[in-house]
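Here is the structure we will look at.
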Amino acid sequence: MVKREDGRKPDEMRPIEIKAGVIKNADGSAMVKFGKTIAIAAVYGPRAMHPRRMQEPDRTVLRCRYSMVPFSTTDRCRPGPSRRSTEISKVTREALEPALFLDEIPKTVIDVFIDVIAADAGTRTTGINAASVALADAGIPMRDLVASVAAGKIGKEVMVDLAGKEEEETSCDVPIAYMPRSKQVTLLQMDGDIPVKDFNDVLKMATKSCEQIYKKQKEALGERWIK
Amino acid sequence: MTENVLKTDNSQTKMLKNDKDFVVPGDEIVKSMEYLPGRNCFREGDSLISKRLGLVNINNRVISVIPLSGVYLPKVGDMVIGEVKDVQSNGWIINMHAPYMAFLPLSGIKEFVDTSKTSLSKIFGVGDFLYAKISGASGDSLQVSMQDNMCRKFRSGQIVKIISVKVPRVIGKQGSMINLIKDKTGCRINVGQNGFIWIEGEKEELAKNAIKLVEQESHTDGLTDKISALLENKGGKK
Amino acid sequence: MNIQEQFIKDLASKGNRNDGRKEKDYREIIIEKDVIPKAEGSARVKFGDSEVIVGVKMGVGAPFGDKPDSGVMMIGAELSPIASPDFETGPPREDSIELARVVDRGIRESKMIDLEKLCIEKGEKVWMVFIDIQIINHDGNLIDVAALAAVTALHNSKMPTYEKDVVNYEKKTKKLPVRFKPITITVAKISGKFFVDTTLEEENAMDSRVSVAIKDDGNICAVQKGGDSLTESEIHQIFDLASEKAKELRKLIN
C-alpha cells in the first residue's frame, strides 16, 4: 500500500465537516469543509426570474454561480468570472439539476451561489456537496441529495479525494457527483491517462465514498432542524 | 433508523420511517404498494420517497411530509400580508415573498374609483402593507383582492417575518396558539399565510418573542405550555 | 413611508431599538483569526447576523512611480450574492466600491502598514498587499465589520519569503510590519438620535450616517458621510460618540 502525503489510506477522505443553515439571509445554505478546502453555498428561491427573457414557460430555471474568493488560493486569484469558473458553474448546475423537481413552479428561478473561501483541491466537488445540502435546507423538492468527490490513480493505486501534491502526481483525476439512493452519476469529468478497465475501479471508489458523504449531509441537516 | 414491521391484512409492510420522523429529500419512507403518496412524497417502484426536508405524516394509507422550510406557495382563499411595490394604471403590484409578484386589480377593492379624477397611489402607495386575500393563483398569475371584510391597509404597528411553513403552528388548532398569544399580550395580531405577521399593542415585544419561539420550536412537543410559560413569566396576563 | 420604517423611527425617537439595544450598544461581536489556510492573514468577524471574512494575500510587483521605495496596498470588496437576496452577480456596484474605499482610507491614512519596509528593490520590486473583503451575510453596518476584520487580519499576517525571484509561500517567518489599530465607527442618525451598529432594518429607516476612522492617538484619519444633511453640532456629537466607541472596539483586536 502506498503511503499518502498526509498519511491517509487510499480509500480515506480528508476530514469532512458539514454545517447547514450558515447564512441567515438565504432561503437555504451550507458550509462544507474537506480538509483545507472550504465552500459556502447559498440558495435563493424559487423566486421571480429576471430578466424575463430567461424565464422558461413550463419550469423553474436552476442558475448556478461558482466563484473562488481572491484570498482562497496561494497566488491571489482575480475576482470575477473566469473561463474556468464559468465551466464549473455549468457542470455544477448539471450535477444538481437531475436531483430536482423543476416543473412545479414555472417561470421562476432557483439561484445557487457557491463561494470557495479556501481552496486546496476538490473545490468543485466540495461546492456541489454544499449546494446539495443548501437546496434541501431551502425546502426545494428533490429526488435525492447529491454527493460529490474526486478519485484518481497514483502509480498502481486508486485513491479518493486527492489533495495537496497528489494532484500533480496522479495519472488521472475523476470528479464525480452521485445520487446515492438512485445510484445515478450526475457529474463526470476526467483529466489524465488511464486504461478503461481501471476507470471502473476509480469510479467504484468514488461512488462508495459518496455514500459516506451522503450520511454526513443527512446528519448535518438533522442537526440544523431537529436539535 | 428505526425499523418497524406493521401487519396489514394480506402483506407485511416494511416501514422505513415512522410518523413524525425527520426526513430529507430522497429518504425512503416505506417499501410497499399498500400506501399512497401524499404531499411532498413520490413513488418510485415499490418505494414511497420524501421530496422535501420535513417530518413524516402517516394518515391511514396516505403518507406525506410536512415541510420544515421553503418559500410560500400561494393558495386561493389564503389571507396574506403583502407590500405594495408599484402602482400601475389599473392596479397595484404586491410583494408577498412568494415566487411571483401578485397583482391587485382596481376591481379588487371595495371602493369605486374614478381613475380620471383619483390617482391610485392615493389609495395604496408604494411601501404600504396590506392584509389581502388570494383570489387567483394559476401558473404564474397571482391575484389578490381586498374585498373580504378582514382586508385592510395597516397604518401602524410592526411586521414580523417567519418561515411560511411554520404559520399553521403559530395559528394552532382552531386558532388556539394565536388566541393564547393575543389574550396574554393584549395585542392585535393578523397572521398572513405567507409568513408575514402584523402586531400592534402595548406588549408587541412579548408577542413577537412568543411568535419567534413557536417558529424555532415548532417541531417539539408541549409547545403550548412553553409559550404559556414565556408569556406569563414576562409580564403577560395570568 | 412603510409602517416597518415608521415603527423603527418611532422606537428610535425614544432611543429604543427593535432588538432591545440602546443607542450606544453593539450587537454581540465575534472575532476569529486565521480562518483561511492559504491567506497570509485572515479574520472572520460577526456583529450579530452581519458576517464578513477578510483575507490578506501578498505578492511581488512594481511600485508606483511616485513612490518607488514603498510597498503597494490594495483593498477590494465583494458583496457576494450569497449574502443577501438583493445582491446580484456581475461587476462591483457602488456600494461595494464605497465599502472598499472607506475601509482603504482608514487603513491607508492611519499609516497602519509600514509600506516603506515592504520595498525589495527600489523602483523595481516591492511587496503588494491585497486585502479582500468578502461579505457572508448582510445585516447592516458592513463598513465597521469589514474594517475591524481587515485590521485584525493585517495584525495577524505573516509575510512569505522572497528568494531568487520567487515568492515562497511555504516559508513565512516575519510578521507583516503593522503598527496601529485604526478603528472605523459608523454612526447613524435616525429620528434625530444617534446610533451605532445599525441593522439592515435600521439602515432602511435611517436619515444619514457618518463613518469615522480613528487612530490610536485619537485623531481622525478618514470620514465618509452618507444620506441626508447634518448640522455642525450633529457632526461634533457623531465624532464624540465614534471616539468613545473606537476605544472599546480597539481592545478587541489582538
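Chains: A, B and C, in written order; residue numbering restarts at 1 for each.
Operating definition for what follows: a contact is a pair of C-beta atoms (placed from the backbone, for glycine too) under 8 Å apart; a residue touches a chain by one contact, two chains touch by 3 or more.
Because the structure is a prediction, the values reported are computed rather than measured.
Asker: Should the pattern of chain-chain touching be classed as line, ring, star, complete or other?
Answerer: The chain contacts form a complete graph, every chain touching every other.
Asker: Of all chains present, which has the mean Cα position farthest from that of subunit C?
Answerer: So the farthest one, by centre of C-alpha atoms, is B.
Asker: Determine the centre-to-centre distance between subunit B and subunit C, using the mean Cα coordinates as centres, and give it in whole Å.
Answerer: Whole-Å distance between the two chain centres: 39.
Asker: Which whole number of Å gives the spacing of the CA centres of subunit A and subunit C?
Answerer: 32
Asker: Give me the residue numbers in subunit A that touch at least two other chains, ranges are fine.
Answerer: Where subunit A meets two or more other chains at a single residue, that happens at 47.
Asker: Inside the complex, what are the residues of subunit A that reach subunit B?
Answerer: Within the complex, subunit A touches subunit B at residues 27-28, 45-48, 99, 101, 105-108, 136-145, 179-182, 217-218, 221-222, 225-226.
Asker: Any idea which subunit C residues touch subunit B in the complex?
Answerer: Per the touch definition, subunit C meets subunit B at residues 1-7, 18, 20.
Asker: Considering only the defined contacts, which subunit A positions touch subunit C in the complex?
Answerer: Answer in residue numbers: 22-26, 29, 36, 38, 40-42, 44, 47, 65, 67, 69-76, 79-80, 111, 113-115, 117-120.
Asker: Over in the complex, which subunit B residues touch subunit A? Could you list them?
Answerer: Checking each residue of subunit B against subunit A gives 22, 24-28, 40, 42, 44, 49, 51-54, 67-71, 73, 99-101, 139-140, 165, 219.
Asker: Quick one: in the complex, what on subunit C touches subunit A?
Answerer: 36-39, 42, 49, 53, 55-57, 59, 76, 78, 80-85, 89, 91, 130, 132, 134, 136-139, 169
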